[in-house]
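Letters A, B, C and D name the chains as they come in the text, with residue numbers starting at 1 for each one.
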Amino acid sequence: MTATTAAQRYVGVDIQESEQNRAVVEAIEETNPDCTVQHLPGLVRIKCLGRIVITRDSVEEKLGRDWETHEFQMAIVSYFGHIKDWDDDEIVIAWDH
Amino acid sequence: MAVKSIGTYDFPSKSRQELYGDDQLVHVWFQGNPWFCAAACYRAPKAMLWSDFWSQMVVPWAEEDPDFDPAGAYAWTLHGKPLTPKDDVTLEDLGVEHKDVIGMRAVTA
Amino acid sequence: MTIAPKAPRAPKKLSMKQRYQVLTRDLDWEPSYVDPKEVFPHTDFEGIIIHDWAKWEDPFRLTVDAYCKYQAEKDKRLYAVLDGFAQGQGHLTLTDAAYLNSMKLFLQGVTPLEYQAHRNFAYLARHLNGPGPRFASLCQSIDELRHTQTEIHTLSNYNKYYSGFHNYQQMHDRVWYLSVPKSFFDDALSAGPFEFLIAIGFSFEYLLTNLLFVPFMSGASFNGDLPTMTFGFSAQSDESRHMTLGLEAIKFLLEQDEANVPIVQAWIDKWFWRGYRVTALIAQMLDYMLPRKVMSWKEAFELYFEEQMLKGLFADLAFYGIKPPRHVDDAIAEKEILSHQVYWTLYQFSHAAAFTTSVPTEDHMKWLSETYPETFDKHYKAMWDKEQENIANGGRHFVRGLPQLCQVCQVPMLFTEPGDPTTICQRESEFKGEKFQTCSNGCQWIFEREPEKYVQAWLPVHQIYQGNCGGPTVPDVLEWYGIQDGDNGEHLGSVDDRNWQDWHAGSAPEGD
Amino acid sequence: MQYELRTQVIEPKRKTFDNLVARYGDRPASRYQEGSIDIQATENFHFRPLWAPDKEIYDETFSVLRLTDPYSFLDPRQYYYAPYVTSRAAMFDAFSATLDYLEERGMFERLPQAWSELFQTVVLPLRHYESAAQMVSCDTARFGMGTTITQCAAYAAFDRVGNAQLISRVGISLGGGSADLLDVAKTSWLQDASLQPLRRLAEELLVERDWGRSLVALDVADQLLYPLLFTHLDEVALNGGAGSYSLIAQHLSKWFKDQRRWLDALYRAWTSDPELGETNKVLLAEIVEKALASAQTAASAVAVRADQLVGTGSLTAVDESAATIREFFRALGAPMKEKQS
C-alpha cells in the first residue's frame, strides 16, 4: 500500500436529497470550499480531501433557525472517513493517520 | 489451528457419510461446459454400478443441455487422476468416496 | 420541522461531551459482592487484551432522550410515506413487477439479518465490559429491530399484491440460497463478542455497508419504489452511527494491545471474505434484477470498496500494522465476472427459489456489453443466445438436480479460478477423514482455520438428501419451503407478470 | 411517470404473511403482529456458540421458564419500534418540561433539606441500579425465546438507561448544573450501609445466567422499590411540602406502570401455558420467594433510611408490596408460602 497522509485521502458524506436538507448541503459547501458535490438518485454526495466540517453556526444561518448537531442524523445517509468529533458546535469527518 | 471456545467444542459433521446409510454423496463436475453453473451433487448407493449411475443420474441431469450427447466420448477424472469407468463396476470399486468430485469433460475429435 | 430544540440555557451547562460522559459512562462500578470476572464471562476466551475500557471513544454522544426524539421523528416521516403509497396504489408506478424480485430477495435474505444483528447487539450490550460500547451496542440493537420492522412494514404492502414475500421467515430458515446469508450471520452470532464486533460491527457495517445498501436504495429510487428508498435512507441514517461504532471498535482493540493486532487482522481477513461472498447476491441484483439500472456492480465495487475502503480506510489502518484483507485481490479480479456468474446460477435454479428470472432483454444485453466490455460478450452472451434458442425450441433452462455447495459460504460452487473465468474453482480439504469442498482460496482458508466450526454447517443440498426437507422430490421440497405457484421460475407469464399486464391494460403510458 | 387517475380497484391477493394467516386466520394483521410474531429464527442453526457449545444460537434452555409457544405471550402495549420510541419521546418531553419548570422556579433550592438529602443519598444512587437493570434486560433481549418477549426486554433495557439518565439529570439540576452530586451518589452506592443490600442484589443479578430467573428477580426488586420511592414517598412528599419530589416521582411511577403491563402479561402467559403452566407455577414460586428474601432486605434498608430522613411508613410500604407480590403470584396459581419466614 502506498503511503498517503490523512490529508491526501478523500472523506465524504452522503445526504438525503430533500427540501429540508438543502440548507445543510449549502452550509457544508460554504464551510468546505474545496469540496465536490455530486447528485445521485435520492442523495447528494459531498467529498473533500482530508476533512469535512459541518458547523452549527453555518447550518443555522442557512436554515434561519436553531439547529443542534444531533439533528444532522436526520440528514446523513452514509459517510466515509472517520467521525472524529461530534460536539455541540461542529461535526468533523477526517481520517486519523 | 483450532477454534477458541469456552469448553469443549467438538461436533460431528452434519454431512458425514453415516447419515446416508449405504449411500454416499457424489459430485459430477461437467468441465468445459458453462451451461451448468456448478457441479451436480447426487446421493448414490456405494454399490451402484457405473452404468446405472450414468444412465439414471448423470444423463437425466446433463441432457437438459440441448447440446449434450449421451453417446459422446468423455474423459473422466477422480482425485486429480484420470478415471476409467467401467459399466459393471460399482462406484465404490471405482474408488469413489463420500463427497468425491468426479470430473467429466467432452472429448472433442 | 417541529422538533427544533431550544437554545441552550446560558449558564452552567455541561457540554455535549461532558453530559454524555455523566449520563452514560459513569454508571458503572466495580462489583465487590461477586467476582467481577463472572459478570463478564465472555471477554477472555478470544485472546483479546483490554487494559482500559475507559479509553473507548464514542463520538456520537447521543443520550436516550435525544435518541427517542429523532428516531420518533424519522419513523413518523417514514410511516407517512408508507401509508400514502399504499393508499394511492403506488405499487402500480414501479418500473415493472420484475423489479420486486430484488425486494423479495431483500425481505427473505436481508431483513432476517437485521433481526439477528438486533439480538446480538443486545448480547454486546450485556457482555462488553465497558459502559460506552455497551450503550452504543444497545442503541444499535434497537436500531436493528427498527430496520427489521420498517422493512417488513414497507414490503408488507407489496406482499398483498405480489408473490414471493408471503413466507420469508420460514424461507430464511429453510431455502437453499438463503442459507448463504443465514449461515453468514449464524457464524457471527456463534462467535465471541469481540469477533462479532469485528465481523458485523466493522466488516459488515463499515467495510461493506455502503456496497450493500446504498446501491439497493438508489435502485429503489430509480425504479419508482419510494417506500423502499425512504426506509433505506432512513435506516442508513442509523447506519452512520453503526459505522462509527464499528470503526471505533477496531481502533480501540488495536490501540489497547499490540497482541490484538494479529487476532484482529485474521478476523478482518475472514469477515471480509465472508461478507464479500454474501454481496454476490447484490452484484447480480444491480446488473440483472433492476429494470432501470443505477450503476453496475463493477462501478459500485470500485467506488464503495476500492476507492473508499482500500484507498481510504486501509491506508488509515496501516498505522496500526493492519493490512488490506487477505484474498482481496481475488475479489478485485472477480468484479467483471461476478454478477454474470451469479445471475446465470439463479436463473437456472429459479424453479426452486422464491423469485423469478428471465433472459435479459436485447437492450439489457447491450447495456451489459457496454458496461462489461472485457467480459460479457466474451464469456456470457453466448450462453444467453443459446438459451434464447433453447426457449424458441420449447425449452427453459432449469437444472434437473442439485448443485454442489461450498462448505463455508454455501453458495453453489459456481465461482471460477482467479484469472480464468472458464474453469470452476474447486478446493478440497480433509478433516477427520471427511472431504470438504470450498469455492475459493478465501473460503478454503476460512474452513481450515476453524474446521470444527464449519463441519457443523447445515448445507441445504446435503440435508435434502438426508430426507430432512419434506421429501425426496423437488415438489416435496418446495412445499416444505413454503413456495407457492407464482413465487418461482420464469418471470414472463408468471402470476406477477400476468397481474401486472392486467392492471396496466388500457392505461396507455403517458410519457416516461 | 404516469399521471392518469386510476379508477380501477385492485383487490389484494393476500391479506398478510402466511404465518399470521396460520395463527389468526385469513385477515389483515396489525403492524405489531407483522413486526413481532415468528420473527426469531427457529430451526436449522448452522453453528453452536463458541461461548456455550451446549446451546443452539437461540435455545429455550437458556432459561428454566419456558412457553410451549413463545408467541402465546403478546405485549399488551403492542409496542413495535415506532410506537415505542414515540411514546418515549413524549415521556422525555414531559420530563424535560418538569425539569425546566423546577429549574426556572428554583424549586430544587426550595426543597426541604431532608428531601434534598433523600434525593442525594437514596434516589441518585439508583442510577447504578438502573444500569444493572439494563444489563439484566439485555440478557433477556439476547437469550430470551421468541421475539415478543425479547422485544419487550430490549425496550426495557433502553428504558433503564433512560431512567438512569433521567435520575442523573435530576442530580445535575440539583447540583446547580454540575455533576458533583453524582460523584457523591456513586460513593453512597458503593459505601452507604443503607444501599449495600441493594448493591449486592444488583451484582448477584449480573452473575445469574438464566435470563428468566434474573428477569423475575429484578422485577421483584422493582416491585418493592418503585412503589416505595415513587408512590409511597410521593404521597409523603406532597404532605411534607416537597412538591418537586412529587413532580419528578410521577415520571418514574408512570414508567413503572407501563413496564408492569408486559411483565404481568408474561407471568400470565407462563402460568397459563397449556403444557408447561404447572411447571412454571412451581418455578415462579421458588424464584419469587428467593428473590423476595433479598429484595425485601434491600428495600427495607432503603426504607429505613427514607424514614430517618423524611417520614414514616416506608417499612410498612415495603411489607405491603411484598404481600401484594405474593398475592399476585398466588392468584396465578403459584404455590407461594403462606407467610414470610
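Following the convention adopted for this analysis, a contact is a pair of C-beta atoms (placed from the backbone, for glycine too) under 8 Å apart; a residue touches a chain by one contact, two chains touch by 3 or more.
Keep in mind that this is a model prediction, so the values were computed, not measured.
Asker: Using only alpha carbons, which chain's centroid is the nearest to the whole structure's centroid?
Answerer: Per-chain C-alpha centroids ranked by distance to the global centroid put C first.
Asker: Ranked by contacting C-beta pairs, which pair of chains comes out on top?
Answerer: C-D
Asker: Farthest from chain D in C-alpha centre terms, which chain would that be?
Answerer: Farthest from chain D by mean C-alpha position: B.
Asker: Go ahead and note the Å separation of the Cα centroids belonging to chain B and chain D.
Answerer: Those two chain centres are 57 Å apart.
Asker: Could you tell me the distance, in whole angstrom, between the mean C-alpha positions of chain A and chain C?
Answerer: 26
Asker: Quick one: chain C and chain D, Cα centre-to-centre, how many Å?
Answerer: 33
Asker: Among all residues of chain B, which ones touch two or more of the remaining chains?
Answerer: Only 3-6, 9, 11 qualify.
Asker: If I count partner chains per residue in chain D, which residues reach a count of at least 2?
Answerer: 48, 50-51
Asker: Quick check: what residues of chain A touch more than one other chain, meaning two or more?
Answerer: Residue numbers touching two or more other chains: none in chain A.
Asker: Can you work out from the touch definition every pair of chains that touches here?
Answerer: A-C, B-C, B-D, C-D
Asker: Per the contact definition, I'd like the list of chain D residues that touch chain B in the complex.
Answerer: Interface residues on chain D, with respect to chain B: 48, 50-54.
Asker: In their complex, what parts of chain C are in touch with chain A?
Answerer: Listed in rising order, the residues are 1, 3-8, 15-17, 59-62, 66, 70, 73-74, 209-210, 213-214, 217-218, 221-222, 229, 233, 236-241, 243-244, 247, 251, 294, 307-309, 311-319, 323-324.
Asker: In the complex, go through chain C and note every residue touching chain D.
Answerer: 9, 11-14, 18, 22-24, 26-29, 31-35, 38-39, 41-42, 45, 63-65, 67-69, 71-73, 75-76, 79, 89, 92-93, 112, 115-116, 118-120, 122-123, 125-126, 131, 134-135, 138-139, 141-142, 145-146, 148-150, 152-153, 156, 159-162, 165-170, 172-174, 179, 182-183, 186-187, 189-192, 453-454, 456-458, 463, 482, 499, 503, 507, 509-512
Asker: Quick check: in the complex, which residue numbers of chain C touch chain B?
Answerer: Going through chain C, the ones touching chain B are 41-42, 45-47, 192, 341, 344-345, 348-349, 379, 383, 386, 389-390, 393, 395, 397-405, 412-414, 422-424, 426, 428, 431-432, 434-437, 449-450, 452-453, 455-459, 461-463, 465-466.
Asker: Flag every residue of chain B that touches chain D in the complex, lowest number first.
Answerer: 3-9, 11
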